[in-house]
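Input: a single structure, listed below in structure tokens.
The letters A, B, C, D and E name the chains in turn, as written, and every chain counts its residues from 1.
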Amino acid sequence: MSGPVANEMLKIRDLHAYYGKSHVLRGVSMDVPRGSVTALLGRNGVGRSTTAKAIMGEVAPKGDIWFKGENISGLPSHAIACKGLGYVPENRDIFPLMSVRDNLLLGIKDMRKPGKWSIEQMLDMFPNLKSRADTPAGVLSGGEKQMLTICRTLMGDPDLIIIDEPTEGLAPKIVTQVGELIAQIAQAGVSILLVEQKLSIALKIAQQVYVMGHGEIVYHGTPEEFRVRDDIRREWLEV
Amino acid sequence: MTDYSLDRVPDLAPSARYKFATRVLPLLLLALILLSIPLFEPSRTWLSLFNAIGINMVFALSYNMLLGQAGLLSFGHAVYFGLGGYAAMHGMNAIENASYDGGIWAAFPMFGLPLVGFAGGALAGALIGFPSCRRSDVPFAMISLGIAELVAAAGFMFISVFGGEEGITGDRMNGIELFGLSLGPLGDVYWFIAFWTFVGVALMYAFTRTPLGKMAQAVRDNPERVKFVGYNPNRVRYLVFIAAGGFAGLAGGMSAVNYEIFTPESLSVIPSGLVLLMAFIGGARYFAGPILGAVVLTYMQSNLSDYSEAWLLYLGLLFIGMILFAPGGLAGLLLSGTAALKHSLSVKGLLRVGAFASSALLAAAGIIVLVELAVRYSNGFGEAFEPFGLHLAPDQMMSWVVGLVLAGVGIGALKVLSKQGGMGS
Amino acid sequence: METVVFALLNGLIYGLLLFMLSSGLTLIFSMMGVLNFAHASFYMLGAYFAFTLGQHTGFWFALFLAPICVGAAGACVERWGLRKVHARGHVAELLFTFGLAYVIEELVKIIWGKFAVAYEIPPELNFSLFKLFGSQYPAYRIFMLVVSIAMLAGLWYLLKRTRIGLIIQASLTHPNMVAHLGHNVPRIFMLVFAAGCALAGLAGVIGGNYLVTEPSMAFSIGPIVFVVVVVGGMGSLEGAFIASLLIGFLQTFAISIDSSFAEIFSFAGLSADGDVGRITIASLAPMLPFILLVLMLMLRPRGLMGEREF
Amino acid sequence: MSALALQLKDLRKSFGPAKIIEGVSLDIARGERHAIIGPNGAGKSTLFNLISGLFPPSSGQISLGGKQINGLKPHQINRLGLSRSFQVSNIFANMSVRENVRCGVLWSLGYGHSFWRNIGNLKEVQHKTAEVLEKVGLTEKADVPAVLLTYADQRTLEIAITIAGGADVILLDEPTAGMSHSETARAIELIERATEGKTLLIVEHDMGVVFGLSDRISVLVYGEIIATGTPEEIRGNARVREAYLGDETDMAEVTA
Amino acid sequence: DGVKIGYIDPLSGPFGSTGDAGLKHFRYAANEINAAGGMGGMQVEVIGFDNKLNPKESLVQLQKAIDQGVRFVVQGNGSSAANALTDAIAKHNKRNPGEEVLFLNYAAVDPALTNKKCNYWHFRFDAHVDMKMAGLTDWLQNQKDIKTAYILAQDYSFGRAFTDAAKSMITEKRPDMKIVGAELHPIGRVKDFTPYVQKMMSAKADVVLTGNWGTDMTLLVKAANASGHQVPYLTFYGGGLGAPTAMGQSAVGLVKQITEFHENIEASDEQMARVDDFEEVNNLDYYYERVFTLMNMLDKAIDGVGSVDVPKIAATLEGMTYETPYGEVTMRADDHQLIQPLYISTFSEGVERDVENTGFGFETDIAIPAAATELPTTCKMRRPS
């Protein structure tokens, strides 16, 4: 097995994961290059979220996960986060009783080291959030919640963000907005691993596409290559 | 709405054999055990132990109607045990008075006193449960704690009802005799206890299979959703609470006849805590759990306390161990143990279960040695701990080393074994 | 007048002692959601540690050392016990601490014996400060007052001025998410639990010699501490403070009232014989906190100052 | 008997200062399939919560079959023949699938709080339960504990519990959320079958489902209904498009 | 195979140390008797049973004791437990002829036990409340500058009996005196007596009468000390375990007790040697002379009968006289109440023998001869035929 290459942000080799006895990930290997947007596509239940959770240490991983050249497989979640890996889970997990500002505050890992983004900057960038900075985050609409989670993760200065289905359950119009936000973050130099089901967004902003089926990677290519692979779409994505 | 046709709908009911094996057989077994105990001509000591176990079985099962079935954690269940018991005590005295002066109580046999207890407990449950069942979870637990303290304090205050510090006493050898039992000698009392234990266990088991019993489980699982299938979870809790109070009262009535005394102490948080331990250590998830718990704890309470001053420490450790490693309680352990044996009836499987059991024993032995040494050391009588003819003196380094090594090896082995996958896998 | 002043002073001291005891519980309860049944047991440990340490180092060192030892014990309990049941919810945690209370009491009996130990007020503080209506006022009580005020201030700072409170509250409901944000939740939990236990230990150091240091001291004071926390309101430090004082005053005032129900009824032109008449207000004193508890939970479950129900 | 199954009159709800529902009026005829769509946070689930009695409305009226039900408790409303499902699966996790469904059946068959009857001997209950299981296709999994079901099966069970009581008015909150296309298709078919002859009120984001299933659609935006009409009318409504659907191209891709 | 004596008293909890002290006295006495050849040639064994001061638990322990072959039950801490035991033992003896059990009460002093509730199987070796109260109020009779009294006792049968006796005897013997307060507090549950003491102070009581014992006594004295309450305390148990330590200097001359023994009563050298030896062996003050009286009278009875024939032993104990180091005592046959000399003593400085190594000890004010302590009884003793 080859060692990490400097250009790779994240490099996964032969990753397995289990829920109890069920073998969910059966040897996933993939790479996320520095500064790119990588999309991980697949049907429901094929194990995309599990891949994200395994990387983040929420599900016990078996296999190798190199992040910035360091094997992080088996570390506890908080240690992985401290190495510069941000994660936006699929259920959003905002802290509903806390204000928007406090939610952002919790994104900061170490109060002593100021990061790239300050809370005020963040709020300025998102007028929607700014107007509700001091209201409990629980009353935000679904789209606003999604923005808040992404911003909160950014507060921790990650080098790579894994975003799990940011558009799930969002109204069609909001979906577009969230897509724009992600593109914006990518432009700011943060690498992104986008776990998605909706092709529209993924194909628009990603530089490379992985397709997953039954706990394995079944396809890897650029969006352009992928667009013409109707067979893959039919077999693995049901579109 | 009722347009279902018989042939189209598959029959999901379990087979008659399955029903018999899981529902009738255990009760028959219980009856058999209860009937055969006197054949062994147990000594007075054993008889008093069996009587205490019977009472605690009913009490613990009634507690589990709350904890295991309706998911209500109560720190005050002894209130209903006690109030039922007091009702029965007053009944006992009424029977005695009626046996001199006449009156309707003269027609009431002493044997039926647990029914008075049931009525008392259920009534108390109906009164106290009404406000407290409007809450659940931790607030309910706190309310039950507060009420237990209140009722116990009131018990000390209202002397004519509760007798104050000394409680009230009675004499069970009065009134008409039933089944030819004078209730004087312990042997008679055994039949009395056995009868009511069986009745209590059978009825409480039947309760789990009624619509109300099933809905209680639903309320435990998800009270929110219950509201949307037409039930008021508070109402369900309340009704279960009354029933649990009634059965606790039944146990109280049994206890009244057995001990012929009730004191306000028996309303307090301490017996409430003990019944909680019984239900939990036995296994609150299983119907039979509290029965096991009652047997084990009553035995520990009356016999282990003779062997070791530190029995409460063992009890606490056992309880904590159960919470940490076996939330299913003894019943859960037994079930998973037998399941493990059944599933992998291979040499390897047997070895695994054996290894688990023996390292657990080793660890327990080590802890026991350490505790016993500590007890003797702190008593300072210069006594030695002498299990199985060994001589372990607390003032010798060696004894402590023995304990430490035993405990260390046992715990280490358990760790290694559980790292290799859970029990039975 | 005299009666009122005395009742106020005694109520204040008793209330402050309750506050010292319950502040640690409030901390643990508000931050971790754990209703620590064994809290009073840590209070007891504080008293016993101070007793033993005090024999070697004197009271003043013990005042610092004992709470640290208790805190360390608390940390161990969290690390190897509570943490394991955390995932199974509050009822499991409550049960765990319930069992722990048993174990601690028995261990104390083994280590220090079954009876009270001679843990005394240090001679430096054992004098009367002033005289009021012919009754002396011991200096130790003023010392208790000072310590409890310091505790209130310190806790206030910890809860309101640092981000720890936020992190813990968030991790109560979303532990994984908080970890993904880079916070070491288990360690923070352990520290909070240890801090709460240390506070209980401090209360033990101070209360143990003011009252009695014996193995049942935990059990006899434990339930009242719950009353304070519940009445004060889930997780509210201010609430706990007010509730402590309220209960302190309530109990001491009740004791100082010298009439029975018979007198009260006859005052109202009624007659009350038998039991009810015999009962005096004073004898109701131990019941009052629990009446308050039950009423509060039924009528206003969030407590006096709580922000949420629990 | 009123011809309307459900009628909302100027319904309002606020949580503290936040006004979530701001004057919703809606008439739903007997047997109608009515969808409610709207952006996230518009108040759709809140509306369901109001109708089903989880929260009392701040003001306004709700009537079910001509009978006022605002202020009633959820279980009382359920007994009057209104049943709902939840956006996040809300099932009896530790019970088997069959027991889950049976919980939904018991009250409607009049067994209430009875504690003197053996549930195993209640033939009527067994049959009704089996029938519902059969209808939703969970018969094979009848004895599986609900926690162990796959996500899609849990969603199905959620629907099964909702329809088990035989209520005439059914409220489904995003029944297909998180399902894949084939699962969604199956679920829709199930819903159509199960609600035949009943009144259905459904919240969905999946426009395919919404436009295929419903007789009429209401669009809820920030607590107000901005349009109600047949699917065609809604599709053609400019305001709806602006507030919710977004432009045509996006929609095509999303619902493809 | 030996005489088994079951000691049923609290051996844990707040009153555990009090019960433990009693057990040590019994064990010492038993050793003494065994060394001298045992009771009727049989060795004596005293087995401790912890009743946690709870009447019901007492009965559970009684059952256990009987199962272990115990025929003599001794108990004292708490008239509540004694009341339950006397009932239960009577019932047991009725239901199990041939297995009778004797109840030898060394400290539970509720008068009812030898009056209304007297029964044949119960013998009391301590003077009961009315007898002791009579002594204390006799002393009060001569203290004309004491005008007001406050009564504090534990809320159970003993405490109530104490309060009733105090009230009636004070009104009888000192009609001019005013009772400014009478309080019953829950037993073993008060942690700080300061409010009670301050109530006494605001009520301007000239004297306090208290029946408190065990921790309740220790804590009361501690609170009185802290508040500087400087009035005489007339007690039954001022010399009980722990109280002298808590009293200290400020109680000197103020705390009085009425007992059958304290260390500074004149006695033979032999007796003083026993006291010294006891204190050395047990690291505890010699307190219960009546435990030795009890054990020696039982010894005498068993020696006379020659076997453990309980009904015969009971018959022998009835009316028995015995010479203690402090004078002759009689077990009155009418009610099974021991009639013995009593002493009123004061906590003082500069005494010959101190208590609890405090440097303070008790000094006799008044010695009341046995005959003078005698009171009539309402007991109608029913003897088995």
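Side notes on the structure shown:
By definition in this document, contacts are C-beta pairs under 8 Å (C-beta built on N, C-alpha and C of every residue); 3 or more make two chains touch, one makes a residue touch a chain.
Just so we're clear, the structure is a prediction, and the values are computed from it rather than from any experiment.
Touching chain A and chain B at once are the following chains: C, D. The set of chains in contact with chain B as well as chain D is empty.
When the interfaces B-C and A-C are ranked by C-beta pairs in contact, the top one is B-C.
For chain B, the chain with the farthest CA centroid is A.
We define each chain's centre as the mean of its Cα atoms; on that basis chain C and chain E are separated by 37 Å.
Between chain B and chain E, the centres computed from C-alpha atoms are 39 Å apart. Between the CA-based centres of chain A and chain D the separation comes to 32 Å, rounded to the whole angstrom. Distance from the chain D centre to the chain E centre is 76 Å, each centre being the mean of its Cα atoms. In chain E, 155, 186 are the positions where the chain touches two or more neighbouring chains simultaneously. Among the residues of chain B, those touching two or more other chains are numbered 153. Interface note: chains touch in the pairs A-C, A-D, B-C, B-D, B-E, C-E.
Taken together, the chain B residues at the contact with chain E in this complex read 43-45, 48, 153, 156, 164-167, 169, 171, 173, 184-185, 259-263, 265-266, 302. Interface residues of chain A facing chain D in the complex, by the touch rule stated above, are 43-45, 135, 139-145, 168-176, 198-200, 238-239.
Here chain D touches chain B in the complex through residues 52-54, 73-75, 78-79, 83-84, 86, 90-95, 98-99, 102-104, 106-108, 111-120, 122, 124, 126-131, 133-134, 139, 142, 161-162, 164-166, going by the rule given at the top. By the touch criterion given at the top, residues 15, 18, 38-42, 150-152, 174, 177-183, 205, 207, 243-246, 250-251, 253-254, 256 of chain D touch chain A in their complex.
Across the interface of their complex, chain B is touched by residues 54-57, 59-60, 63-64, 66-67, 78-81, 83-84, 87-88, 91, 95-96, 155-157, 186-187 of chain E.
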